[in-house]
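Pasting a structure here, questions to come.
Chain lettering (A, B, C and D) follows the sequence in which the chains are written, and residue indices restart at 1 in each chain.
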């Protein structure tokens, strides 16, 4: 099977959907001509292939970029717009949260807004807290939006294709660190279902729920624990909203133990939602307290030792798992 | 340019319908528990929506704001469906989910109305982008207030629309107030139309109480837009004769200012002229008014008699399943 | 003791702090001249008393309002700005989340941003989802911000005075429904500590954690349950961030049962954080599953029966409590 | 107006220091793992920050953006503290938390720098509000790029600043590119200074490679501001000779365009003139350059030898305790 980084997988999904459906266009800052000339990045080459009508470089105007998507979707196109980095979601958030997410409801179900907002996220680049701030918990708190956060190139391709075909607004969050790690990706028509979690590794002792880049941390920790005969089941949510409770609950019913791992800061992070669902619906199966392994409640710092301190790693996850075994 | 008799009568009728519709609301919203939420009316500003929409084709799109009744009625919205929605009834155009503030009427190409001040501008740009993308010969009109022109969204939207020469018409309904702030208390710029310069876009000031002038300015902007000439910013200078909403005591609006502007009401202005020029007889006018009365009364009756949605219906229409 | 609505209590706090400290000023849309001429509202009369230098009506420009606060605070003033309704927080969120919350950290602790952002929130006015959208969970997810959400006029006065004297950015959220219900408020210097929850009613059978307007629902439910000999302990968080874990945990250790009640939508709501903290630190005390009583995952609808359906009420809370007793 | 010899020498020195400082960074950032994050330089644009800051008093405030080294050095920031921060060292001006992109130097009245494009504009307005509130005779300068002028924050900030006649100077550093977009690809307006009209604010275009012109324009704007005349928008037309960041291959910037602008480099331009006019001797110049070399080398050595913060120090400085 072809080996692609997640950036290339996103590129392939965009390319295939643009070929399939003339209503699909992409817009954003540098989605056409970019300050990077790197084939590993999602939109590289699309301008050349599809031309300036369907690949639109925009001014530095996040509200207009998101509004463009809302209006074009209302008028029947299928926009895929990019908000360069997650912290700039704030600037687009009125258009996405008060408009994309609500206007269908406000129309009594008459208008539809089939749009995708792609955002790059993730710490680890030394760019600091105005470039790295994982806000998936914000978006997952907004009825009317779907939230996808893939962890593998194959999922990224399959989920983005599904997102583009979805008639609802989908926020699609890509951890930049994943752009550069190749993985197998099915050629051609490969769709992954939005709203389905994926057990990336089965195990009977503890359930680790995670998503996006942290999946790698979870899998590495799991293989290390295996040496000691500890079997961690790794549940990759893939979609935060709608949340696949069933897969999470099935796993916790089996293991009786829950650890949630995410890069976002701890307080108010989406781990809380996962914990609440389990505490509501799998309480009787629980054998141990919850553990959350997350970024601390600080902005992402720049200095390498500080940034490493911020990002959750295998050691922290393994320690947390040991605590509840 | 000579505006046809039919067009003038159409605009008079449009303004009269809007006025009657809102006169009903003025009374209805005083009745405790009859109408949910605030009641925001445009009494005295009817020439803007009625003049703009008279210049549009059915396929043209209108994106309106919190002061939308006239805009939507002028675009052809069904009075029954609007009134029922304003009541929060299940038969309303949005099943009671939107109420008076965010009336969406896709049937007449008003796919969404936003009460987030300035929110309509980037959305209108997106709709116009789709029209250009599909090479349609239609345009999108965004109606917004003078206060909205201070929001960042105004700036981003106009810059992008001009850059891409999108077929959009930005109509700033300058009614001299943004909430309780007088125009000069919220911006230093003499005229909102001056802001067109900042985007290399044509800007035009028109008498917002002269429906014919509004109509003609919109026609010109529309011609330019469909010809690929890009957007226009039209500022319609008018006045908010009533409060921001019906609960507003208007303590900050000088009485004589209100009185002076009531004198300039766009409806008698056109009515007297078409009567004087013999484009309509007193008899025909009375008939028109009677017909409009009947329509509005029917709309109120329909709203009154319609059922409320069942509580669980609140769960519907969030996502396309 | 004086009986004031929460609006009047906020007014008193603003007035006293403005008299106490010349660096304090207020700014926002209609904080001076308003479309309402109602003495029950927070800023009524302040323009008359303090004049246009310290009571600044602003254009409809939420980013500028928040930026004004950030800059003025950096320069040593103590701004108290108002974002009219919670959904418009989106428009100010870049200034508040990427700047007010992060710039101190980015300065290595050299710059301080002593500012307060007041926001009105709450459903129940038939104004719909673009005016009513409880987003406290967003703010509570941002390190560098404190989040206060009072439930009584006395707390509102005491917490706002503390917020204005706090050297950190504080987001202060007022449920408009509370403006009109009078309650006792201490005269003069009355400070409530930020970061301390308050047990508004003791009980041994179940812990109900709530805040803001929902406290009233909780207290009414508690008195009704009392008739049947069920004693609910009502914990009013008052401050979401920093979260007073101790008070919550002490209560759950005692009762062994947790219900979290908030008006915000369910998925990703702050109830998840409370649940996670309890599941982490009071697991062994828990006798029953968690229950969350929240708004459903929908935008706030306008039609009266739909809006009533949205807002959590005593019946729903009582039913939830019964389920876990 | 005659600019004093001292002022001209001061500006030459300021530009030379900035250039040398960044020349070091050009090399240092190529060394794997030495400098965290992106490296964004202003080579060729030094006349802007150096000209602006030469016109300011110590109490004046500067709010900068992602391309800040020249702005901050010109305002008097300590090269050691800046360099150590760029290295992410504990001795950096922000203890390694900010790095090169958001350098805050409150000691020289640069309390915060933001890399959110346009983010500095509303903040500068807030600082200027405080200056007016306290009736100080100081001003705030916000330096931002041409791309930032398309953000909504630009619009809201300029409208409010003009409305309240705040002592703020908006300096748009138009280097012809915003990321990979050429100026005319991101806006239709001929000149960003034209946007001043939209706020009834004076707007001025200056040659951004003529440090004396920038200095004089800033002086005029400062005089107006402290006199209560409100804000000015100054557009400095210059050019981004290097990529957006050091990793940018500049494949979209025409080679001859770059070459042509390198010819217009502001440093030789002033240097040759002061030499020609005998304001400085070759000898003095060589001494100045040697002194600057020593300062920069010392800063690099200091940064190299400084320790990194301990990991747990990441937890400090979030809130005032």
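Methods note: a contact is a pair of C-beta atoms (placed from the backbone, for glycine too) under 8 Å apart; a residue touches a chain by one contact, two chains touch by 3 or more.
In this text the structure is predicted, and so the values were computed from the model without any measurement.
Taken together, subunit C and subunit D share the touching chains A, B. In whole angstrom, the spacing between the mean C-alpha positions of subunit B and subunit C is 36.
Between the CA-based centres of subunit A and subunit C the separation comes to 30 Å, rounded to the whole angstrom. Rounded to a whole number, the gap between the C-alpha centres of subunit B and subunit D is 45 angstrom. Multi-chain contact residues of subunit B (touching two or more other chains): 92, 95-98, 102, 114, 116, 119, 150-153, 156, 159, 163, 185-187, 318. In subunit C, the residues that reach two or more other chains under the touch definition are 58-59, 61-63, 87-88, 91, 94, 98, 105-106, 128, 130, 143-144, 297-299, 301.
If touching chains are joined by edges, the resulting network of the protein chains shown connects every chain directly with every other. Contact residues on subunit B toward subunit D in their complex (touch as defined above): 150-156, 159, 162-163, 185-190, 194-195, 197-201. Against subunit C, in their complex, subunit D makes its touches with residues 61, 63, 92-98, 102, 104, 106, 111-114, 116, 119, 121-131, 133, 140, 152-153, 156-157, 159-160, 163-164, 316-320.
Those residues of subunit C whose C-beta lies close enough to touch subunit A in the complex are 87-88, 90-91, 93-94, 97-98, 101-102, 105-106, 128-130, 133, 135, 137-138, 140-144, 241, 243, 264-265, 267-276, 278-281, 283-284, 286, 288-292, 297-299, 301.
In the complex of the two chains, the subunit C residues touching subunit D come out as 25, 53, 56, 58-59, 61-64, 66-77, 79, 94-95, 98-99, 103-112, 143-144, 146, 166-168. Here subunit C touches subunit B in the complex through residues 29-30, 33-37, 57-63, 87-88, 91, 125-128, 130-131, 296-299, 301-310, going by the rule given at the top.
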